[in-house]
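Structures incoming, each one as structure tokens.
Okay, so subunit A shows up in both of these, paired with subunit B first and subunit C after.
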Partner chain A sequence: MATRTFDDKYPGQPFVQTDNSLESRKELSDKFLGIYNDTGSQRFWQISVIFGVLFGIGLLGYFWKIFATKDPGDFGYYAALFSFLMTTSAGAPMVAIGPRIANAHWRRSISRVAEIWTLIGTVNLIVFLPLLWVMPSLDNGRRSLVFYWEAKGDWWFPFLIKFSGHIWTTVSIITLIVLGIVLLWVSVMPDLALIRDNAPDGWRKKWASRLSRGWIGSSWQWNWQRHRMGTLGALYFMMLVLTHFFISTEFLMVHVPGWIDSLYPITHAHNALQGGVATVMLTMFVVSRIGPYRHYISLDQFHGLGKLLLALSLLWFWFWFCSFMIFWYGKKPSEQAILKLFVHGPYFPVFLAEFFFVFFIPWWTMVWNPVRRSVWGPAIIAISVLIGTFLDRVRMYVSTWDVAGISADKLAANGGQFSDEYPRNMMLNMTILDDPAFDRIMIIKNFEGLPVPTSAVLPTAIDGVIILGFVSGAVFLYMMASRLIPVINIWEQKELLLYNAEVQFHRAKVKVMGKPR
Partner chain B sequence: MAKRSVLGLYIEEDSAADALDHLRDAGFEDHEYEILTGTPYPEGTFGEAEPQHHLYRWPIFGALTGFTISLFYTSITQAAYPLLTGGKPVLAIPAMLVILYELTMLGAVIFTIIGIIFESRLPRFFMGAYSEKITEGYIGVTVTTDEDRTDKAEEALKKAGIDGEIIRGWE
Partner chain C sequence: MLEHTQLTDKELNDELLRDILTMPKWWLPAVLFLAAIVITGYSAFGYMVFNGLGVTGLNRPVFWGFFIANFVFWIGISHAGIMISAILRLTQAEWRRPITRAAEVMTLFSLAAALHTPLFHVGRPWRVFYWIFPYDFSRGIWPNVKSPFVWDPSAVGTYLIASTLFVIVCLIPDLAILRDRAKNKITKFIYAQLCLGFRGTTRQWKLQIVAGILLSALVLPIFVSVHTVVSWDFAVLIGTEGWRSTIFGPYFIIGAVHSGVSAVAMLMALSVWIYGLQNYIKPDHFDAIARLLIVVATTWFFFFFLEWVWAMFTLESPEIALRELQVGPWPWGPLFLIFVITSFVIPVPLWMFRRFRRSAAIMFFTTILVNIGMWLERFLIVIPSLMRRSHLTFDWGSYSPSLIEILIVTETFAFVALGMLLFAKAFPLVPIFDMKEGMRNRHLIKVGRRVIPATIREGLPHHYYNKEHH
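Here is the complex of A and B:
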């Protein structure tokens, strides 16, 4: 038998032998399959039921909100919830995409933890749809990124023009969700093949067979999987930025007269990266410390992601301060009003709390090595960042929708006159515009000044139920997905066997890691 | 003639690499055999031919298409509505640059996606000769060839020291 060795190919060069024997490969597969085949502890199902029930109650609140709420301004907390879910769950897959492109080995055991969050896009979509009805079309004179003119022609052409803001945002969000799910599918296919081939008969084996159809692990398939994951990952990142661009403009900035800040859309996207990292950090803590994967998700992963979280928290300040100082030094009346609305006005306590949770705590804790190089430290900081991110969304969206949202009823109650109390018009019902009393000139005049509300809008009980319900719904869906999809990327773990070796280096044992390409 | 596939399983990477050597010696072409593994090995580990694709052509072609469309679009619109602004020429390149760049990138991205779909070919409905041991960690060498050459393929596979028996399938 002609056996070629390393020495034949590279004579005289030192090399490290990795433990990639059949036994090691099989042992790894068996271990992961053993965990996977375990149908979950009683505690897992108890927690699932709690989240499932909360989600059900949240859905009831959701329908109540849709059918019983007339005033668009009352959707502030609802919009904040939507944005929070888009910020955290849609940003989470970037933890798999970024380090994978950079060939960082530490990401292997947490890449699937991050990718499963793409499925939560379906929950985001449910939350998003009613906002399409709440958001007025462009012909009511509202500002938009998209050009508007009174188009003539068949019904569909003026429709497209009037609702182009809605259409672009919807297309962007759906594309992001589809890209995410396809990315997850491409990534999970080899593991589904493993389940198809080796798991005991049952519904999971059946689904794994369907979803991994045709996967045989040929070098051609592996090669293409790498290309697909790279391309899908890059596209996901591009769509994530684009989607946050649309959300932050169409659902936020355009509704506040005088809010002109070219940095804010990318700030919104940055928040998604920070929120995504915090989400994955917390998830991997739960999966490893409460779940069964303690051996695979270790200090390496927390340390690697902790550094990223620190950097993104510092970047939060940079983005915030850059925008802040433009308004601060500009000092036009509209700019002062913006600062009052978002910073030192009725939402000042929220701003302070957010500043503390999303920047100050991560900064002053994660700079210390003992905290950053621990498991508990980054996980607790992740909770702080998530609370801060939620407060940020409340501050921005609730105040904006309060300013923008004034219903026809409220305006009529005021004798049809705009006043200090009712100066806003962005969410006006279109039919009001048919009334000569509300011509566009009047609306535009009102854009010039932005009287800031004197008090913050507090959430109603229904808002609370929806927020709690849909955040629980996201967790519930994640837990259910973990029953079908292995939470640890098995094939990437097996691939690590090829590149990972522990060797004696003088008097120390060191880990030698290879790079695949 | 109908195609048949045969599969040999190996424990060691070197044995699988030897099997490919024997297949080449027996006159089999690169496209007739494949390595099957449960994990991605670095390209060329088994001495197999590097998978050929033309994906790189797609973004280049897409970028050229996007650039051409954007050049046409910006030139035509400016020529159709010749507004003199600030004494600048009607066809001012700096004003066109952003759209030129964006449509060039958009063309590259869209064509890359189309390229991936096109180059990936259709999903594989028939798995041919396959063993569940592949995902366990065994390394498989599968040969898909004319029915009358399968004996020769089996012989080459066995020469490298297969683990167990030859597995047969069809395409």
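Here is the complex of A and C:
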């Protein structure tokens, strides 16, 4: 029986040869391992020490804050810091996950840069835990996602209801951090095996041997890794959105009576994607232009992410405007008060600055080809977006936590205790709104005209120390992680050799890229 | 895309122009059948104009019924053209090539269907001219520019113009082929006029490509604004429970993309069956669009979930009563169940399996279900909210569509199908020049025992890299 030739099977289709030789792969591995095994420049360690010291000072401020501050309203900047770290560090891995699912080759040299940010979740967990003590239970009569459930029955059920917000934010944040770290581990496994087999004896070799879990690169292991990374990536994205849903509700919306914005959880999650892209862009700029990876992180990566950042900046405006428009057009007193609080009230300068940094500057610069198709342009815009994102978190969290303090006072003045008796069917009766027996309804009515503060809350010195300290802590941890984990994904770079070729096309040489799926 | 049939330019021309230059047997009966439905719909409309809006089921307090639900549905479908064509073009997704034209054309006809539905709804469509030519200057009667009902036609009109331009720009090279191949002098003359003297010079190609990219980028904000403005027809109305929600803009958009992309998948299956385009639309294409649909459908479902969560979160009795009405009593409860099951519960789990994703029949079936569900979604947004509008019991009422409304709404479906058939008779439904480009760009790479499809990378111009390295 005659065997089918390549031409029989794929008639008329041109075939190209890629350079996937053992020598090419070894050369690539050696280059990356050489950089990895280097103990780092003196400048690297000097900068690490500075960030480490700042982190230490931040930790001192942190303990000062949690033991010396009584009023929850004073935790606004602290909550903003938590949200900012959550926005940037937890959003960054999406730069690896999204393009990997879409099979975009340009992500290969920056996927690890993005994934390492998952480790910063551990720093953010330290910031998060005290907020659980500050966040009020449902006893104070605030609205909640538990809706009609009555806090009745055995001790555990009322506990679950009253502390529902605490429980699901904690569970979701921890799950997100764990998922991120597992994703990083699964992704780094083949590179750890490479380090195990090639690094000189020492702590790195030992650490790589333990964590590579017997990786030998069998077909089964590669399939296993590919599927796990796909599943973990999808789960991470879903968990990210869910976590932002909980945070934006339990740390923001429930504290401001009358603020019912069904779009806001999406806006909050979108900020995370925007902040994540900006974080990765800035990191890859540092890694490639100050660090040793200039030849691997090139214009392609900046161009790819630049387009994404432009799209996300436009989306920011759209989401913001959709919410603003409905509140502004409706002219309901409670919603006008919300706009006054967040937009044109005491935080107007912050809003204006945020608007410029997070939308106007990225939009008006990145639409131009010379800016988008450069290395410096997207990197500078990334800084602008990060500043804008931080201002957004300050505007939303500081004002919310300030109002939460006022609301608590008002509640006390009204004798505001949420009644456990809360029959569901009574809700359907309009007359309930006038019945003072139902404290929650009464409270909502009372706050139709939300008391808006007349001046913005300014950060204290301790707030400044904590913010600087923990942002430095995040950078410090990242720098330390870069000594343990290769910052460039070596196996993904080697995989690219399989799919990448150059061919003559008429008078030009062009790149041909294979798409395996 | 591994599945691929490599064809020469001549084979492409012959296959894709076959149904234009010759008359398929089924074409005339199909056109006559659809035209009969359209004529019936227009007759029903004439009857409505003659007798007044009393012949419809619209009555206090439900003044928006089938027509408006149908309007929102068609606006939603129209989003597919831009979604598939512009976004996939900008992201250089190779699998877009055979399906962009059909999607773009569907945009045009569904927008036309959407636009004439509110004209029917107002009962006296000729009054639309008062918007353009206000009839009483002395009393200063002008359309209220603060109303979304003025923004709406402006947005939809802009979208129609932009989409038409987009279709024309992408059609020009194919019109030139038709000009060169047409045998009849009159048709040759018409195609010659339409192709604007395109001869395929380097400059013409460059202009055509740049225009396509620019229009792709410019039309995207319009695409977003159109359905956002449509959503504001509802969302800015402060007194109607269930409508006033900040999420409505993005929720309408993602719903539109869900139903629109589903409609494109449906159209792909029909193109394979009716026009025999199996050499161009492969199981891989169904697989790609199904994977896109999984993402879109899941996002849509999350938005739907959020819309409900925040309705409950208000703890306001009228809002909660409305939600109970939507999911409870006959017919709303069963309709709600059908809506959720058809738009998400059945299709998405099926799309999880590669075998089903690659089947034209399954994709056709599931995407039909999605569109049934998404039509019902719009119906359930419009009607129950209006039924609950008043707190005064004497003003409570229900709604059931009359035969006239059903005929007119059916007409819009026939109108779109007829439009597509007529278009496909005059112009190629698969962009020939785009397919040729895809054939030239395509290569194969052998990795071990596997063969992997590869394509020439349409990245940055080379001088950018040179600049970077120096």
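Methods note: the second predicted complex is superposed on the first by the 452 of 517 C-alpha atoms of A that agree within 3 Å, B and C clash if a C-alpha of one lies under 4 Å from a C-alpha of the other, contacts with A are read in each partner's own complex, and residues count from 1 in each chain.
In the analysis below, contacts are C-beta pairs under 8 Å (C-beta built on N, C-alpha and C of every residue); 3 or more make two chains touch, one makes a residue touch a chain.
Predicted model only: the values in this text are computed from it and were never measured.
Asks: Considering only touches as defined above, state whether A:Leu211 meets subunit B (first), subunit C (second), both or neither.
Replies: neither
Asks: Of the partners subunit B and subunit C, which touch A:Leu145 in the superposed model: first, second, both, neither?
Replies: In the superposition, A:Leu145 touches subunit C alone.
Asks: For A:Ala456, using the defined touch cut-off, is the partner it touches subunit B, subunit C, both, or neither? Pick first, second, both or neither.
Replies: In the superposed model, A:Ala456 contacts neither subunit B nor subunit C.
Asks: Who does A:Tyr329 touch here: subunit B (first), subunit C (second), both, or neither?
Replies: Touch status of A:Tyr329: second partner only.
Asks: With both structures fitted on chain A, tell me whether subunit B or subunit C touches more of subunit A's residues.
Replies: Counting residues of subunit A touched by each partner, the higher count goes to C.
Asks: Using the superposition on chain A described above, determine whether A:Met480 touches subunit B (first), subunit C (second), both, or neither.
Replies: Neither: A:Met480 stays clear of subunit B and subunit C.
Asks: Could you say whether A:Ile167 touches subunit B, subunit C, both of them, or neither, answering first, second, both or neither?
Replies: It touches nothing on subunit B or subunit C.
Asks: Mind working out whether A:Leu498 is in touch with subunit B, subunit C, both or neither, as first, second, both or neither?
Replies: In the superposition, A:Leu498 touches subunit B and subunit C alike.
Asks: Who does A:Arg226 touch here: subunit B (first), subunit C (second), both, or neither?
Replies: first
Asks: In the superposed arrangement, does A:Leu194 touch subunit B (first), subunit C (second), both or neither?
Replies: In the superposition, A:Leu194 contacts subunit B only.
Asks: Just which bits of subunit A does subunit B share with subunit C as contact spots?
Replies: On subunit A, the overlap between the subunit B and subunit C contacts is residues 20, 498, 516.
Asks: Would you pull the subunit C residues touching subunit A in the complex into a rising list?
Replies: So the residues of subunit C touching subunit A come out as 1, 4, 6, 8, 94, 221, 224, 228, 232, 235-236, 238, 244-250, 302-303, 306-307, 309-315, 317-318, 320-321, 324, 391, 442-447, 450-457, 459-460, 462, 464-465, 468.
Asks: Which residues of subunit A touch subunit C in their complex?
Replies: Answer in residue numbers: 6, 9-18, 20, 143, 145, 147, 241, 245, 260-266, 298-300, 303, 314, 318-319, 322-323, 325-327, 329-332, 373, 375, 427-430, 432-433, 440-441, 444, 498-499, 501, 503, 505, 508, 510-516.
Asks: Write out the stretch or stretches of subunit A touching subunit B in their complex.
Replies: Contact set of subunit A toward subunit B: 1-5, 20, 22, 24-26, 28-29, 190, 193-194, 196-198, 213-214, 216-220, 222-228, 231, 235, 238, 491, 494-495, 497-498, 516-517.
Asks: Please give the residue numbers of subunit B that touch subunit A in the complex, ascending.
Replies: Its residues touching subunit A are 11-15, 17-18, 21, 34-43, 46-48, 51, 53, 55, 109, 112-113, 116, 119-120, 123-125, 127-128, 130, 132, 134-138, 140, 142, 159-161.
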